[in-house]
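One structure, pasted below without further comment.
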Amino acid sequence: MPKIKPVNIGLIGAGRIGSFHGETVARRLVDAELVSIADPAPGAAAKLADKLGVDASYTDVAELLSHPGLDAVIIATPARFHTNVLVQAAEAGKAIFCEKPMALTLEDADRAIDAARSAGVPLQIGFNRRWDQAFAEGRAAIDDGKIGAPQLIRSLTRDPGPFGADPDKIPLWTIFYETLIHDFDMLLWLNPGAKPVEVFAMAEALVRPDAREKGFIDTAVVNIRFDNGSIAVAEANFCALYGYDIRGEVFGSDGMVTMGDVRRSSMTLFDKDGVSNDTWRRDTDHFVHGYTAQLASFFNAVRDGELMDGPTGSDARNALAIALACIESISRRRPVAIL
Amino acid sequence: MPKIKPVNIGLIGAGRIGSFHGETVARRLVDAELVSIADPAPGAAAKLADKLGVDASYTDVAELLSHPGLDAVIIATPARFHTNVLVQAAEAGKAIFCEKPMALTLEDADRAIDAARSAGVPLQIGFNRRWDQAFAEGRAAIDDGKIGAPQLIRSLTRDPGPFGADPDKIPLWTIFYETLIHDFDMLLWLNPGAKPVEVFAMAEALVRPDAREKGFIDTAVVNIRFDNGSIAVAEANFCALYGYDIRGEVFGSDGMVTMGDVRRSSMTLFDKDGVSNDTWRRDTDHFVHGYTAQLASFFNAVRDGELMDGPTGSDARNALAIALACIESISRRRPVAIL
Amino acid sequence: MPKIKPVNIGLIGAGRIGSFHGETVARRLVDAELVSIADPAPGAAAKLADKLGVDASYTDVAELLSHPGLDAVIIATPARFHTNVLVQAAEAGKAIFCEKPMALTLEDADRAIDAARSAGVPLQIGFNRRWDQAFAEGRAAIDDGKIGAPQLIRSLTRDPGPFGADPDKIPLWTIFYETLIHDFDMLLWLNPGAKPVEVFAMAEALVRPDAREKGFIDTAVVNIRFDNGSIAVAEANFCALYGYDIRGEVFGSDGMVTMGDVRRSSMTLFDKDGVSNDTWRRDTDHFVHGYTAQLASFFNAVRDGELMDGPTGSDARNALAIALACIESISRRRPVAIL
Amino acid sequence: MPKIKPVNIGLIGAGRIGSFHGETVARRLVDAELVSIADPAPGAAAKLADKLGVDASYTDVAELLSHPGLDAVIIATPARFHTNVLVQAAEAGKAIFCEKPMALTLEDADRAIDAARSAGVPLQIGFNRRWDQAFAEGRAAIDDGKIGAPQLIRSLTRDPGPFGADPDKIPLWTIFYETLIHDFDMLLWLNPGAKPVEVFAMAEALVRPDAREKGFIDTAVVNIRFDNGSIAVAEANFCALYGYDIRGEVFGSDGMVTMGDVRRSSMTLFDKDGVSNDTWRRDTDHFVHGYTAQLASFFNAVRDGELMDGPTGSDARNALAIALACIESISRRRPVAIL
């Protein structure tokens, strides 16, 4: 068998999650090569490139896209730039892995989907939970009919404080666009074939009550009614002192699956204070295997021309539609229909 | 020390839960004596009395109330009779343990509270979860400040099918009046001092979709906003194939407590199919200790003239107000304010 | 149905465990009445009798045995008196519940068994773990063939420090006679039909190394080979800072059962330090239901003339034989055959 | 920063575990390159080389050792060849990763250690459990003093049937040399600084009783006494129907740590049969991360000239000494001193 040809990757965005994706490509995956990094912040791309042993760095996306031999890009810019960069990469003929959210409006979502389709390039969205061992097994159990028809579904994200609670640095609706978007994708993915029809959201600024007047939200509960009658709850908060907490639960006519555990390992300490376990503190620690597997899956598809089995632009649009309905529901203080 | 004087108990209602309470008094509690049973169904009280070794049985509540030496009554009739029986017992000067819901309207709730107050008799409501070891420890942790200020709260009831899914035998709104009323009490009790200000409910007939046209509901999700900014979710379903599932979760500014586990014991089986535990199947099996402890607490209060620490008529009214708001929210398909 | 006739109980021994049994009879069990208490220590029986509302107290066992109407006795004296008191009670025709160990020599064990048999009185030994929910379910799973033939078996006792680590107050071999005797009974009971054939023990004074020269032992590991080829390990220690820890494990040709959990309830705390549970601290807290159920079972047998299903004098003798073999194995530093 | 220079690896042995190590190098690790494979079985090396995209394959170890540019070898031959191959590789100046057991006699162990020392090459032994997340955290907790002084220690291996229960294919004492050797290393590693002084073993053929007369053993329990007074139990069996089960437990003066869980993930199924989890079935599935991490650590040491922190030849000798004492204890049916 001939050796596998590596996929050549360009990384766009050298911030926290971009750096992590860069490390995944450079350090945790064979058969993929990180060949260039772009970030408009002076020196950011160069610094990360140096750390990861990558030769080329740019401050301009267009330059990165014309880097010779580039097969695919990872888009990890701030969310508001995702769509434009995605369209630019599609027009350059590159396969695209784009962090969530793919877009902030349905128009932009359609524009992104159209650009990828017109260019004939693969497009995968960074809904990494689908590759987590527990969530993947939960979906498989549902597909195997082990819990019957889903009736009550829950997905939650509780993020430790340091990441997201600074209202001056992050957009007002981040909890829906960037955090709960994961949960919306999970709720759709764990309820195969069902369509959301109605959304109701309650939200507050409890972590940073001083930011309430600016409209900043750090705590939210969302109800979603689906066309198969099932009802889902998504929930998020920006200050989980005990660490990164991601759970899912699907209750059906024949049983239930639950997924997610904050415990860092099976190592359990028993002492005068009782029984205890350490917990994962960051998303990238907790889900390192899922983050790695989603890129491996994407790279396989790019290299082998396989069909993508990852989340598509259409999946991104469906999750976004729920996020937008949440924002409307908050504003109007009532349930909102999804068309 | 002189021997403890037993409390003489009359049981009103010899159905499923009444029989269980009768057994608790006769078989699981010392210092209390079941001396009479009343049920209008011909032979029902007599049959239970015979089984439990009780001498007196009646088909009429008034007769039971005039049974000599009676200290207290347990009201376990169908819910729609609770208030009238309660008022009657109060006027007869008996201490009262009343199953939930104490009333189906706020007017009746006030009438019940007034009757007990005027008569100067103790009144305790059957919110047995407060005595479950795990829930009691959870409340204690909250009182001790271990999780800071509550922000996100969850309480759920998933009942196995046999009990509650027959739309021809149970009232339309039972899921709110009789099932979720437990969860509403828990959400209030686990959020000390907070007042509910807004309620939104989604509900469906998923277990018995054929009963949907009658308005029967077997699945519901309720959101409650409190005046301290915290948001709660209550959830119920009438067909949990894996057994009786009661859980609570309170997430706060400094941490979280979770309560409830369906596993019947720590006995765990490992075999070719994996790892497994048996589960509790009925409320009365799962919570036998809580059911017993709530009556023991009530009897102590009756005998020793202690202050009640159990749920009061006022607690019953507060939970009922949420149930009524749910029904209104379902009907109007929008959030409803609680005054 | 006529009311159940209570069994009249005499308690012999008003120490820690005697007081606990007295409370169980007086406070946790209907259908049994604690009518008299004896303890040679001046005032001990009277003090407990006053606390529990019992009319009669004695410093002499013979007086207690002649208390009118006495049906049964609970023997909870120091272990070295068990056999003589048991024989005395048998000769008085009383049904006997005797704490472990029933005897400290095989000769005394035979004498006790003979006395009960000659007198025709029921005799049950205080191996309370058989009534613990988890252990009972484990035995049932084994009887149902769910794990096939037992091959590797484990039973352990780890006792918190305050109770047992004072070498000046407790006999040298207590860890075998009084602590591991529970585990030996479990290993025999969880391996139905098998006979122990060889025993090897290792032991140390680790909790109180200063007491080593007196021969005091606080830590021990025991291996037992059975005639069906299975191998068992029993383990004990006198200073478990995290609380009372009792576990069992039976691995067989088709699977495994495990039993025992130190967690006090399902209430779980998540905070900046991780995930934690409180633990049970004392045997009588951890196993309150098993302690109660064993007496209820004994009283039922006494009252209704049913066959005893509890541990018999013969079971006590079998466990004792292993304890004696351990002491010989320690002394000779080699494995010892059991005949 | 310049790119990291890959370590060039030769794999010796293309059987089950050799193939797995080969896949780890080729598929799961960057910065290492599998450049050649040797196996005396005709075609075995070539077949694996083809599958993994490796260019060179040999049937002779000497040829592999002279492959140009080779930095290190992984020795995964049958155990009885380990020492000779190790010495040969050392003499060729290659860094060595050797599967357990490094040797089958203390003389061979010394010969291996001397060869590596003389050649000045790194030598790491395949005690992969040290890199498992839970075991590594357990050791860290012990080092941090969280459980005080170790008193009772347990390590167990229960292997699913298909791998090890064929007495015609595997050596008689495999359970000690190849299986429990892992547990002996764990017991030494989790009891830092302590030396074993006495060993007692009980063993049986329970999985394959028909092979008992050949001396084949598939079930064993080993007791070890250490010079700090602590007592350890190691336990193994060759037919765990529920999957690969590796656990550790260290009980000390201030607490306890436990490590190991057979559950495959946090995905939990609740259905009419109760609560259940799937389990890991093979060692290489269960411990894939530990297997990968041990090689990554070895390769880092080779490439960067760092000190090895992995298990050394001396560690292998210490574990072997216990295995040899077990065999002697079985033969003599008594405890055996370790000098």
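A, B, C and D label the chains in the order they appear, each numbered from 1.
Please note the rule applied: contacts are C-beta pairs under 8 Å (C-beta built on N, C-alpha and C of every residue); 3 or more make two chains touch, one makes a residue touch a chain.
Computed from a predicted structure; not experimentally measured.
Novice: Report the chain whose CA-based centre is farthest from the CA-based centre of chain D.
Specialist: B
Novice: By the contact definition above, name the pair with the higher C-beta contact count: A-C or B-C.
Specialist: Spelling it out, more C-beta pairs touch across B-C than across the other pair.
Novice: Measuring from the mean C-alpha position of chain A to the mean C-alpha position of chain C, what distance in angstrom results?
Specialist: 56
Novice: Roughly how many whole angstrom separate the Cα centroids of chain B and chain C?
Specialist: That gives a centre separation of 38 Å.
Novice: Considering chain A alone, which of its residues make contact with at least two other chains?
Specialist: 241-242, 245, 254-256, 264, 270-272, 278
Novice: Show which residues of chain B lie in contact with chain D when the two form their complex.
Specialist: Those residues of chain B that touch chain D are 241-243, 245, 262-264, 270-279.
Novice: Applying the document's contact rule, which stretches of chain C touch chain B when the two form their complex?
Specialist: 1-4, 26-30, 50-51, 53, 133-135, 137-138, 141, 146-147, 254-261, 264-272, 278
Novice: Write out the stretch or stretches of chain D touching chain C in their complex.
Specialist: 149, 151-152, 158, 198, 200, 202-207, 209, 219-221, 223, 225, 229-231, 233, 235, 237, 239-242, 245, 251, 253-256, 333-335
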